[in-house]
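What follows is subunit A paired twice: with subunit B in the first complex and subunit C in the second.
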Partner chain A sequence: MMRKVLDVKGLSKVYGKGCPYCRDATGPRFNTNICPHCASVVAVHDISFTLYEGEILGVMGESGSGKSTVVKCLYFDETVDGGTAHFFDNHGQYNLFDLFSLNAAQRRWLRYRRFGMVYQNPHLGLNFGISAGGNIAERLLMNGMLIYADIRKRTSELLQRTEVPENRMDDLPGHFSGGMQQRVQIAKALATNPPLLFLDEVTTGLDVSVQASILDLIIEIQDQLKTTMIVVTHDLGVIRLLAGRTIVMKNGRIIEAGLTDQILEDPQHAYTQRLVASAL
Partner chain B sequence: MKNDTPYTPSTAYPFGFLDAYAKREIRRSILKAVALPGYQVPYASREMPMGRGFGTGALQLTLSVVGPDDTLKVIDQGSDDSVNAVNLRRFIRKTCPGIQTTTLTEAATVLQSRHRIPEKPLTEEQICILQVPYPDPLVYVEPTEEKRRTMHGEADYARLWVKLYEDMREFDEITISHRYPTRINGHYVLDPSPIPRYDVPKLNRSRALILFGAGREKKIYAVPPFTKAEPLTFEDVPFRTETFVDADGNRLACRRCGATDSFLDEFTTDTGEKVFQCSDSAYCLSRSQGPASAIYTEARHDA
Partner chain C sequence: MTTSPLLQIEGLSKSFFMHDQQKEVSSAREVSFRVHSKRLTALVGPTGAGKSSILKAIYRTYIPCKGQILYRSAAGKTVDLASADEHTILALRSREIGFVTQFLFALPRQPAIDVVASPLYRRGLSKADGRQKAGALLQRLHIPEHLWSLSPTTFSGGERQRINLARGIIGRPRLLLLDEPTASLDIRTTGDALEMITELKNEGTGILAIFHDPDLVQKMADTVYQLDRP
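And then the complex of A and B:
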């Protein structure tokens, strides 16, 4: 039986002061997520989904649809305005975390030890002032690994796994190509074998061959480690390759959700139909 | 801490220059700092009749804890005779009528020091007050004070260790020469003022109360007596202090007193020769000329 990892219900996030009409005056029906009364941006509203162990969930949608905001809220980069999210920690001693009612210290603990995040922009995920190895070491040190030789060994293993040449371990990330920076980010995110990994537009802006190698790497990691992942992208190819299930977002709402094949082969919502048709 | 003497008609300010309210506030902050070893207690650092950076933080602490029957020693980088030490001592003598000053470490009840802890082991009867320019070791890795406070609260010092990691990968050793981040009582990491690495082990289970005062940054922190103080390091990379050895591996000796167990300063003579001398001038003098030499030094200060 597959175990639940994440259960999100009614997740909402508004940028701006908000007003009583925000929720009803925005959404796909109005083709906007900007409230006409108060000009607040309803980034996401009433987002619900469940994620099971080892599963990859795709979050798809156009720019500004709120897909990145969902993972930012779950990774505590943003505060939420409504909803609940429960994280089921199946590692070691079983624990249940109500994500949005945790204090700052508990949130940080989860970020450092149970979650991994790969951003579209490597500047958000990596410290460019320290070496690639130092970036990965930071995660290990946060987890209490204080033996220098062990840190070097583990760092080297992670870089090998993500196909970054070992002799580049002591170079600054700024000297790497975009694809290598993403791979270092993935190595950093995997340093503590997190049960839940967020991938936010990891292949956007990379050339096709580098995209393919990153996607192969993600599939390989998922095969080996059975890491549960949420993949945010606007690229249907990425969704088709990685995700078992997909949610499609528009103007901060989920407009369609289901098995990826089903969504791509037989889209029900007009927007999804247009999206799939335009990609073909 | 001693009772203050009241105003005397001949002085325009109370004993210890600071008003009673200021001293009370600083003493309360000291008590809090002692209760939370290594925690940086904010306080309202007063304007002093000298520039920030001259040791105004430690001076305020000194003026708050000394009484008329205390004996004070002021040193600057180990020396009793440097400009900073001499002028601070003069100021304290002027504003604390009746106070005794000394250059003998063992005779002092309160020691104010800049960048060194004396060579002679301190006792339970003594308070050592260190001048601190930058109190927070996390300032290297996190510019925002609010975030630094959270990091201290959660004992989140991973990024300091990353700094050590970067040192190790680049130089195969930790290259921090002074201000070595030191964990106190297993929780807070403090910046032990710019004392050299050589002095860091002296903080560990020190018999004397060690206080740190940062005037510009408005922070007080403390290492209470017999408290554990561990320099940050990796488990397989032991902390090491300066060794002062020559090319053959022999321990260098002080040119004046011949000491081979003290922190040495390096000088270049007029002939270009490199020589080494004890940094702690009182220790060096009492070794080479006997404790009486300190009285001579004291007389010079009086003059």
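And then the complex of A and C:
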């Protein structure tokens, strides 16, 4: 029996003061997400989807379509303006979290213990002032691991899993290559074995061979840990290799959702057809 | 045939609407046929008759426009693959329905043996057990052992096709869709591939296949359905 992990309904986020016309005057029909009346940006509107344990959901769309905003809202990097999201913690003491009505302490608890996030920009996910190992140790400390030897052991396990040479554990992330910084971010995100992982354009900007190894790592993690993931990317190749289901966004709205191979081979919406045709 | 079919297709139609050109292209119209367990059903017809489209519609890579695709699942339920929700389709794909196409999509760095074993890993089998089973299949398909640890993206067309076939049959699906599974194989490996397909059939799998070679159809098929251009 498949277990639900996340249920998002009607998620909305507007940057700016907003007006009563914002939602009706933006979207794919008008080919913009900027309200002509008040100039607010309707970053996402009415986003709904359900995630089951162990699945990878792809979120695809061009720059500015709102795909990163979706995961940022769910990871509490952004506040939301509407909608609900329920997280089902199948392994924890509590089993249901109404994400957008939690207090700061509860949000922090989820961020540190149940969610993992890997950003496109390693500067957002890592503290560049402390060593790679220190970054991971920080997460473990917050999670209640207090014995130095245990932390060191777990950190080295995580770096080994993400193929970061163990002897670089005490180096600053700034001294690493881009691909290795992403690996440290993934190691940090995995530190607490989170059931839900957000990956925001993790392979963008990396060279092709490094991209391939990061994708391999993600699949391996999913095979072994059954981590549920949301993968945000504009790269159709990444979507094809990773995601079982995909949603396509444009101007802050979902315009199409389906099985990934169906989205790529039999796209229904005019925009998706153009997107797929221009990529192949 | 008295047993109820594994797959029953009723009035299946598929067309594509190209928004850019405002044009509709029909690829299959009002197709009906049945697939039984322990039998190989072949679809034959000229290019453009919609043979591959029908396989893809059954696998739901294509969304059928009309008709029903009734599949009798291992749990004894009848599922309409044309309208079932995506999670049901994904669950069936991982446990019951296999699809072998002419093209192989694999992770760039994954060793061939893991590509073949990947359906087993997804079911929770350990790496050692998965590799053992995959190795046995690769041996039978004459993939030299020194290639097993390499990514199949570097392989020849025929080798890739064998990897694809091995991946498709390793999970012992209840329904197997084959789209020209031997198109780029030589005589010897074609023979081995066909033998494995026949074995799977005898174990109970219902097979729906497209072969480009009329001799293969005659040799392999228990039932043949002729399709015409829509």
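Methods note: the second predicted complex is superposed on the first by the 278 of 280 C-alpha atoms of A that agree within 3 Å, B and C clash if a C-alpha of one lies under 4 Å from a C-alpha of the other, contacts with A are read in each partner's own complex, and residues count from 1 in each chain.
Everything below uses one rule, namely that a contact is a pair of C-beta atoms (placed from the backbone, for glycine too) under 8 Å apart; a residue touches a chain by one contact, two chains touch by 3 or more.
Treat the numbers as computed from the prediction; the structure is a model and nothing was measured.
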Looking at the combined model built on subunit A, do subunit B and subunit C fit side by side or clash? fit
Tell me which partner A:Asp261 touches in the superposition: subunit B (first), subunit C (second), both or neither. second
Should A:Met2 be classified as contacting the first partner (subunit B), the second (subunit C), both, or neither? second
For A:Glu157, decide between first (touching subunit B), second (touching subunit C), both and neither. neither
Who does A:Glu53 touch here: subunit B (first), subunit C (second), both, or neither? neither
Touching A:Gln273, do we find subunit B (first), subunit C (second), both, or neither? second
According to the stated criteria, A:Leu215 is in contact with first (subunit B), second (subunit C), both, or neither; which is it? second
Between subunit B and subunit C, pick out the one touching the greater number of residues of subunit A. C
Rounded to the nearest 10, the angle in degrees at the CA centre of subunit A toward subunit B and subunit C equals 150
Considering only touches as defined above, state whether A:Arg240 meets subunit B (first), subunit C (second), both or neither. second
Between subunit B (first) and subunit C (second), which does A:Leu146 come into contact with in this model arrangement: first, second, both, or neither? first
Between subunit B and subunit C, what is the tightest CA to CA spacing in Å in the combined model? 34
Footprint intersection on subunit A (subunit B / subunit C) at none
Would you pull the subunit A residues touching subunit B in the complex into a rising list? 104-105, 108, 130-131, 133-134, 137-138, 141-142, 146-149, 151-152, 170
What does subunit A use to touch subunit C in their complex? 2, 52, 55, 212-213, 215-216, 219, 223, 240-241, 244-245, 258-259, 261-262, 265-266, 268-270, 273-274, 277
Taking the complex as given, what residues does subunit B use to touch subunit A? 150, 153-154, 156, 158-159, 161-162, 165-166, 168-170, 234-237
Residue numbers on subunit C that touch subunit A, as the complex places them: 16-20, 56, 59-63, 86-87, 89-91, 105, 107-110, 118, 121-122
